[in-house]
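Paired with subunit B in one complex and with subunit C in the other, subunit A is shared by the two complexes that follow.
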Partner chain A sequence: MSAVSPTIVRIGAHSVFGRRRGILLFLLPLVLVGLAVLVRALVGEDLRSTEDTLYGLGLAVVVPLVALLATTGVLAPEIDDGSISYLLAKPISRHTIVASKLLVAWACVLVFGALPMLVAGLVLLLGQPEVGFAFAVGSLAGGLAYCSLFALLSVMTRHAVVIGLLYLLLWEGLLGGLLDGVRWLSVTRWAAAITEQVAGQVTLVDDLGFTYAVVATVVVVVLGGWLTGRRLQAFNLTGDE
Partner chain B sequence: MSTPSEGAPTGVIHDIGYRPYAGPRLGEGAVAWALFVTGLRNSFGLGRSGRSKVLPMGLLALMLLPALILVGVLVQAKDLLGLDQQIVAYSTYPMTTQLLISVFVASQAPALISRDLRFRTITLYLARPARRATYVLVRMASLTAATFLLVAAPLVLMYVGGLLADLPLGRESQRVGGALVGALLLAACLACTAALVAALTIRRGLAVTAVIVLLLVTYTVVATIQGISADTGHARVGEVAGIFSPYTLVNGVQVYVFDAPHATRTPPTGDGMGVLYLLATAVTVLGSVGAMLLRYRKVQG
Partner chain C sequence: MSSIVLDHVSRWYRNVVAVNDVSMTIGPGVTGLLGPNGAGKSTLIALMSGFLAPSSGTVTLDDEPLWRNEQVYRKIGLVPEREALFDYLTGRQFVVANAELHGLPDPGAAAQHAIALVEMDDAQDRVIATYSKGMRQRIKMASSLVHQPAVLLLDEPFNGMDPRQRIHLMDLLRHMGAEGRTVLFSSHILEEVEQVARQIEVVVAGRHAASGDFGAIRRLMTDRPNRFVLRTDDDRTLASVLLADPSVRGARLRGDGGIELEASDFGRFSEVLPRLAREHGVRLLEVTPTDESLESVFAYLVSA
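Our next item is the complex of A and B:
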């Protein structure tokens, strides 16, 4: 039994790009790079505004949204129209199904999240390419964790998109900005801590250990994926409202 | 031997006394009003399932909570802290709580717009004497009214609380009046753009995401540009950027028209920029209405 099924990966990729969802996925990185060009034109090469742009728009908004769109695009439509029962009826391990679908979402995060961050980082700060690289690494780590989290949400509720957005806006956005303690339980801030460590000279988040951030991210990625598979093993299709 | 078509007809229709409705029939206006009220109630989950009430009512409660706390502080500690005006300006409040407003609009626009298209209940509406344009305008009006109630409720609460705390009546009335006009403009901008997105993406989940992404990403981009342009002395760039997010746009209009305190780094300065903001607001609202009417021309009735 292989860990990933190529067929499911192919179907998953189709379900992400075969719909209008794909347009949003292409749009988000374009906005990020576009803003990077504008900021560079306004202020030139400047570490402070690079940090603001890549963290405020990239790490905190674009990367979680790409992860949300990709993950729910892979899982939610099938659960929504009930066609997941055909997939579940096949003699494939539910963990293989989840791993294959997550692989598609992770590839999306790499292509539409991490790579645009690298490009935007290079546009903003060509003299210090390590900053752009660090943000790419950080956004990849954060993106993977978000994918696992949203995959779990997708199999737990039919309103995964709305609840995922609420979580992003209220917990990561609003409360994360107001209450400092949220950083211990905030994927975006773990990604920021990883970025800091890789880049060396940026400061994004106060007093959050690199080791803790890495461990927490890995735990969320692995545990989220495993619990999703677990939940699919006892899956039960329910009607809407 | 005879085929059924030959010979004398055997079927008879008896008149057993059913009577058609012969009373007065209400016209398009009544249909539009009923649709408007239903839409407004549905936006807050009234007349829908219990689970549909949770999100809008919860958001309304969350909108009111900070206002309630501010009023409490104002009433209790006015003399202690030496306050002689609202702690947070009326015009700034919607900007501060914009996440809640965005979630409300994004979750209710598909509920009013997308479902009729997706499940083809639109056919039933169009079979009534109301015309297509009436349906579209009334739906957008319901969403605008619901959003306005959400934005205006905390402002009214703050106003009443301010009067109870003995703030000057004339000044507060003038300020809250401007802020309510701003709230109406904001509601119109948000509701119209959200309705357009919801009409274009008829899958509910995707429509919610698209509206949130639109509002969240435009605001983040605009705020970043405004912050950087203010720091580097290119304020003009930030002022132009402000027209691309409904929140900064309407705040700018309030700064220009009502001389309200600004909530952005680069508020519009000068008449030219103020008129540009007003024009941009009109284009946002009227453009969305026009696009919606075009979109519904193609819908099969």
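Our next item is the complex of A and C:
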């Protein structure tokens, strides 16, 4: 049996872009690149302001939001209204269904998260293209982990978007900024550590090893996806009747 | 030929029992699952389609468990009650996708065949969001038939259909039953069920209340005490002559006028009432059944 189903990928893409919030996926990278143009015009080519813009807005806001919109768009509405039963009432492994849906979300992260980060990086610091490239790689890693996390959230609760936003705001944002130890359990900071390693010359987080960041990211990507599949195996059509 | 067997199945949600110790076998042919709203029909169909785990007991399809076993969907077609579909796809795209997900060798041809069966050829290229309730029901039906399943489970399939579509779907179900497929559909309307189903399973308040062919179920439901309120221009006379008839179990004069009456044989009572009234010169002003709701019929069945 194949790992992904082209049919589910196709339906997933329809699902993300067939709804109004799909427009947000186009708006978020526009905001990022627009701000990069503004910063470049005001400050000129500057490593520090590039780091601040790509980390503060890109890695910490745009990439997680793209992952949240794409993943919940591809899973949550179908679970909410029960139409996922048309996918589940088929002789297909639940893990194949999840992998197919995650593939759509990952493609969104690549197109609306990582590539705009590369573009914004080039706009901000054309003389050092490796910085933009490193942020694109970090975005992709963080985006993949966020997708798995939000996929699991989508099959666990009907309020995946709200809880996802609260998580980003409170855990990744507020507590991540206040408490140093949060970095060990923060997807955004793992993505930042990966970016640091690839770029070689930027400083984003203190004292978080590259190897740890990669392993933690891989664990979240794989475990989140697998648990999502497990959860779908026990999907109840009748809900909380 | 496939059979679904429920063996002492119960399902509860926290403290609420939705299905209570139900044992039944659904074999080839058309079976109607009859019961009032909230009786547990959808829960039973979810159990039979592998979308709910029994809290106790077992549900099997040809001796295979249904829960956490996606391979059973090679044999099962499911038409859920919920209307939600992939609204952004056209009807044809939706049915083709279902055929592809079943791994059929020629999904396009299989989809076309299923769409033709439910007479949706003309609307197949329209987006599902524009469909009426009846059209949605039919495209759901096409998606569940696309792999020609041995078992077809339908939850309230006639809801939202106009009379012509209803007759067409009934013909289709009868035809599938005659082909030896196992077809089960739920409904809360006895007339609907007895027009199609050979076998009827009645569920009330989560319990398996009755089982049999439609004749047996119809007799159970009609040969029960029926209550009426009569208004006439001479209550006393009519009450006394009716009490003498064996079809009437009891009669009581109401303080504010009228007769409260309980008939034990509905068929005979409906025949003798106008005749006796005419013979004794009593004018019938009003005959109102007071417990004709399906719920009261079901309640009677459970207590019987």
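Keep in mind that, in the parts below, the second predicted complex is superposed on the first by the 236 of 241 C-alpha atoms of A that agree within 3 Å, B and C clash if a C-alpha of one lies under 4 Å from a C-alpha of the other, contacts with A are read in each partner's own complex, and residues count from 1 in each chain.
Following the convention adopted for this analysis, a contact is a pair of C-beta atoms (placed from the backbone, for glycine too) under 8 Å apart; a residue touches a chain by one contact, two chains touch by 3 or more.
Remember, predicted model here, so these are calculated numbers, not experimental data.
**Student:** Thinking of the overlay built on chain A, is A:177 touched by subunit B (first), by subunit C (second), by both, or by neither?
**Tutor:** Neither partner.
**Student:** Report for A:57: first if it touches subunit B alone, second if subunit C alone, otherwise both or neither.
**Tutor:** first
**Student:** Looking at A:15, would you say it contacts subunit B, subunit C, both, or neither? Reply first, second, both or neither.
**Tutor:** second
**Student:** For A:89, is the partner it touches subunit B (first), subunit C (second), both, or none of the two (neither)?
**Tutor:** second
**Student:** For A:7, decide between first (touching subunit B), second (touching subunit C), both and neither.
**Tutor:** second
**Student:** After the superposition on A, what does A:209 contact: first (subunit B), second (subunit C), both or neither?
**Tutor:** The answer is neither, since A:209 touches no partner chain.
**Student:** Applying the touch criterion given at the start, work out whether A:39 contacts subunit B, subunit C, both or neither, answering first, second, both or neither.
**Tutor:** A:39 contacts subunit B only, not subunit C.
**Student:** Mind working out whether A:161 is in touch with subunit B, subunit C, both or neither, as first, second, both or neither?
**Tutor:** Once the two structures are laid over each other on A, A:161 reaches subunit B alone.
**Student:** Taking the two structures together, which residues of subunit A meet both subunit B and subunit C?
**Tutor:** Overlap of subunit B and subunit C footprints on subunit A: residues 19, 241.
**Student:** Show me the residue ranges of subunit A that touch subunit B in the complex, using the header's touch definition.
**Tutor:** 19-21, 24, 28, 31, 35, 38-39, 42-43, 49, 52-53, 56-57, 60-62, 65, 68-69, 72, 76-77, 80, 159-162, 165-166, 169-170, 173-174, 241
**Student:** Along subunit B, where are the residues that touch subunit A in the complex?
**Tutor:** 49, 51-52, 55, 99, 102-103, 106-107, 201, 203, 205-206, 208-210, 212-213, 216-217, 220-221, 223-225, 227-229, 231-232, 234, 237
**Student:** Quick check: in the complex, which residue numbers of subunit A touch subunit C?
**Tutor:** 5-8, 10-11, 14-15, 18-19, 81-83, 85-94, 233-238, 240-241
**Student:** Taking the complex as given, what residues does subunit C use to touch subunit A?
**Tutor:** Within the complex, subunit C touches subunit A at residues 13, 18, 42-43, 46, 49, 51-53, 68, 70-74, 76-78, 80, 82, 84-89, 94, 97-98, 100-103, 143-144.
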